[in-house]
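In what follows, chain A forms one complex with chain B and a second complex with chain C.
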Partner chain A sequence: MEILTLLKSNKTLRTATIVVLILLILATLPIYTPDYTIVLLSSILMYVVLTVSWVLFSGPTGYISLAPAAFIGVGIYSTAILGDSMPFPVVVLVSGIVTIFIALLVGALTLRLKGIYFTIFTFGLLELIRHLVLFLELHLTGTRGRFVIAQDFITVYFYMLIILAVLLLVTFLINRSKYGLALRSIGQNEEAASHIGVNVTTVKIATFVISAFFMGAAGAVMATRWTYIDPGIAFNMFFSFMPVMMALFGGMAHLYGPIIGSVVFTYLEEFLLTKLPELYMMLFGAIFIVAILYLPDGLLGVIQKGWAALMRKVRKDNLGGNHANS
Partner chain B sequence: MRILEGENVCKYFGGLKAVSGVDFHVDHGEILGLIGPNGAGKTTLFNIISASLANETGNIHFDGKKITGKKAHHICRSGIARTFQAVKIFGAMTALENVQVALLFGCGTKISKKQASEQAMEWLEFVGLLKDSSTLAKDLTIANQKRLEVARALATNPKILMLDEVIAGLNATETTELMALVRKIRDKGITIIMIEHVMKAIMSICDRIIVLHHGEKIAEGTPEAIASNPTVIEIYLGK
Partner chain C sequence: MITTILDILIAGLLMGGIYAIIAVGLSLQYGVARVFNVSHGEFIMLGAFGTWILFTAFGINPLISLVMCAPVLFLLGFYIHKTIFRTLLRSSKIIEIFESKSMLVAFGLMYIIQNIAILVWGSDIKGYSYLNSPVNIAGAVFPANRLVTLLFALLIGAVFYLFLSRTRMGKAIRASAQDPAAAGLMGVNINQVLALCFGFGALMAGFAGTLLSLCFPIKATMGMEYTIIAIIIVTLGGLGSIVGSFIGGFILGIISSLVSYIEPSLTLVAYYVIFILMLLIKPKGIMGK
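This part shows the complex of A and B:
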């Protein structure tokens, strides 16, 4: 009973409990669900990781980055090159760290730009890195692609789950800290933020780099599932647009918006791809356009509106009941 | 005692002399007015002092230390705060959060988020916004947004506060109230530099006034001396 009252009074604790419970359920899933579900869930988890780490930086600051595919690609290539020269956990970690260095470079180059210039420049960098890798591969190794040491799908699933758990924790801690406030102030008015003592460059680059680490790590894990990669697969611009679309689809006002968005979006993609392959992209595009036009706050907005209406109704019913009693 | 001193400060925008060879100083504890016609270079001078813009020549010293070439957040932490001609508040954040950021990053000492929230409430009370603490900044009236900007600047614990047209666009009552607030800030021992177009307000509140015209300093002195200065009268009223 005491635990229940504590959970009722402390919102953070309540949210944390729910998240831990969900993660625990996800962790035990492989015991009683078919393999296909686990493979699908790995994809969903990957997109959740990409979207949440994208929102970590781009959500509060409003800097729309199209660099995710570059960071995922770097993670993928790190895994491909490292192969089985070290244990898999170390490979994932090293891939993340390599991504950090690339993100530092990209961040230092691009974060002085604002608005559309930043967006276009990050997209340009993605293309630049892709062609650079292709050029190096052709001239140094003489081949176009590489084989990646495969991991079984259960391993992929668990690594993705662990990355997601760490990412959620990091996002929660950043948002709650003073740096969360600073990031939002940068998004609202960067000049004013710098004039009240926020070191805007450092805060921006640090967050950009943290978000890139998770994208790189996710790429490193997914690489083992694809077994063969080349620059076109690894640095696929699709991975830059998906997090943006999923975040918009879910709504960015709260952390669970992007999560809901990426879960529903990935499932939808999988459903359309398997059930209606010839109409897949058309329907996908149509659904996205409808969502943008009619769900300005994303799925989150719909849920919040529904919840508020429900609460109003409950309160009204309660009031009616009280009157009857008195 | 001179708290802020600039010598031969120049800033060009292409061929335009925005600020050209201006020498100025600010005494500790005074209210210094900065006036001049539109495009005289007043805001540019503010931007140079607060490191929004880099000056081409000249040096600025604050508390005896050279501050030219420093970053904006360093200038703020060293004790120079400012407001903006067009308010630059954090619209989607509450009034309390606006001030909290300033306390957490600009005040020079490390404080917890809880302490910051308590002190932010004190500053909101100081400027008369206590009841609006949980209102989103964009939903405040213009007058209150200006107050919020002042509170946010004060929260960085400044020695000098630079106010850029803080009463522009306000009605008579709001103007009187804000002028009273400016005096209250000065009484806390904070030196104030203010840019203003409303002559009545600036003449009554300033200890000293500097007049800029076409980027050059053309007059400097007490409000009485400025009001009777023939060059100033010529610029404002024409021959």
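This part shows the complex of A and C:
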């Protein structure tokens, strides 16, 4: 009883309980669901990780980053290179750390750029790294692609789940700390933020780096699923646009918006890719456009509107009932 | 030695013309219509395939296709803006939101156009030969079609420059680029101007596609490469500046022929180094204000 009243009064605790419960359910899933579900869920979890870590930086600051694919690619390549010399958990961690260094460099160079210039830069970054890697592979190792040591799908699933759990915790902690406040103030007015004493550059770079770490780690885990990679597969522009799209599609007003967005979108991608592979790009492009045109606040907006309408109706009915009684 | 340098320079200038036209298109779409059009290269691809079909199936001279394909793409771009981007403009509260959303819409367009192209033409390389008799320019030997493309690129650029600087419509476009709200208050039909600019961007892509198909083999997935080149040149030359696009185009053309002389696989890496340096030193570009 006491726990229930505590849960009722404390919103944070309530949310945390729900999240932990969902994660626990997800963790026990492999026991009683078919293999295919686990494989699909791994993809969904990967996109949730990508989208949530994208929103971690780009959501509050409003800097549209197209760097995710670059960071994922770095994670994938780190795994491909380190894969057979270290145990897998170390590989994932090291891949994340390598990504941190790239993100530090990129952040220090570019976060002075504003608006579209930052977007253009991150867009170019992906192609730059891809061509550089291709050049190095062709000239130093004499190969075009690499084989990655495969992990079984349950391992992939659990690693994704752990990464997601850590990411959610980090996001939660950042959002309620003074750094979260500083980030939001940067998004609203960067100059004002720096005048009231926020170290704008440090806060931006730190968040950018943290979000990159999770993308790199996710890439490292996913690499084991593909078994063969080359620069074209690892540095795929699609991975840059998907998190942006999923975040917008879900709605960015709350943390669960991007999560809903990535779940629905990944399922849609999987469905189209298996059912209509020839028309996949076209249909996906069309869904992209329709979603942007007709869901300005994302799915979250639709849900909230529906919820508000339902509440109004309930209240109205209650009022009507009271009148009848009196 | 000197002939090698001349070779590289001339090859660069010949390439730079097409690059410039590509960049002028994107410059209009982003500089005026505020659409960061990542599907620009797909319009180029459509122009190239249009020319290829007209030549191989109907035997129409590519230089005549120049005035057939591009106008069709102009209409396509114009109506895409009138329908999709205008709806988006109306629902976006501030221009930054419009910019990020329109970029995503353009990404969707890229997927759609590319998918259709692959369905219709397949994904293998196509090509035809036209005017490829060798010409000797100051000791360097080039196919004649390269020279023709440069001439047409310069002609198109000059005509468009005159259009922007001398006509009433051009004045309206320049005004809208500087301050859309004020231009609207002065009686410029701003929606029409934005749609026209997006259309002109597609028109330039069409011209570039035709000219490219004259000199190089084409394929359905060729677009992205040219989108990236356009983005780099526009950053180099300055958003919204036609002269800047031409300067940037020639610079990139020369860099491209220089690097491919030394190490062909590093061409794109070299582009990016220039691009990154430019963004860091002068993000507004050479002609940017």
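One rule holds in what follows: the second predicted complex is superposed on the first by the 319 of 326 C-alpha atoms of A that agree within 3 Å, B and C clash if a C-alpha of one lies under 4 Å from a C-alpha of the other, contacts with A are read in each partner's own complex, and residues count from 1 in each chain.
FYI, a contact is a pair of C-beta atoms (placed from the backbone, for glycine too) under 8 Å apart; a residue touches a chain by one contact, two chains touch by 3 or more.
This is a predicted model, so every value here is computed, not measured.
For the composite obtained by overlaying on chain A, chain B and chain C can both be accommodated side by side without a clash.
Look at A:244: by the touch rule set out above, it reaches chain C but stays clear of chain B.
Of the two partner chains placed by superposition, A:170 touches none, neither chain B nor chain C.
Legend: residue contacts after superposition of the two complexes on their common chain; A:302 is shown touching neither chain B nor chain C. Of the two partner chains, chain C is the only one that A:64 touches; chain B does not reach it. When the two structures are aligned on the shared chain, A:272 is found in touch with neither chain B nor chain C. Legend: residue contacts after superposition of the two complexes on their common chain; A:115 is shown touching chain C, with no touch to chain B.
Comparing chain C and chain B on the residues of chain A they touch gives the larger count to C.
By the touch criterion stated above, A:281 is placed in contact with chain C alone, chain B being left untouched. For the combined arrangement built by superposing the two complexes, chain A sits at the apex of an angle of 80 degrees to chain B and chain C, based on C-alpha centres and given in steps of 10. Least inter-chain distance for chain B and chain C in the combined superposition, rounded to the nearest angstrom, is 12, based on C-alpha atoms.
The contact sets of chain A with chain B and with chain C never meet.
On the chain A side of its complex with chain C, the touching residues are 62, 64, 109-110, 113, 115-117, 119-121, 123-124, 127-128, 131-132, 134-135, 138-139, 237, 241, 244-245, 248, 278-282, 284-289, 292-293, 296. The touching residues of chain B, when paired with chain A in their complex, are 50, 52, 71-73, 75-77, 81-82, 84, 88-93, 97-98, 100-102, 104-107, 113, 116, 152-153, 155-156. Chain contact summary for the complex, chain A toward chain B: residues 177-178, 181-182, 184-185, 188-189, 191-200.
Those residues of chain C that touch chain A in the complex are listed here as 30, 36, 38, 84, 87-88, 91-92, 96, 99-101, 103-105, 107-112, 114-116, 118-119, 224, 228, 231-232, 235, 265-266, 268-269, 272-273, 275-276, 279-280, 283.
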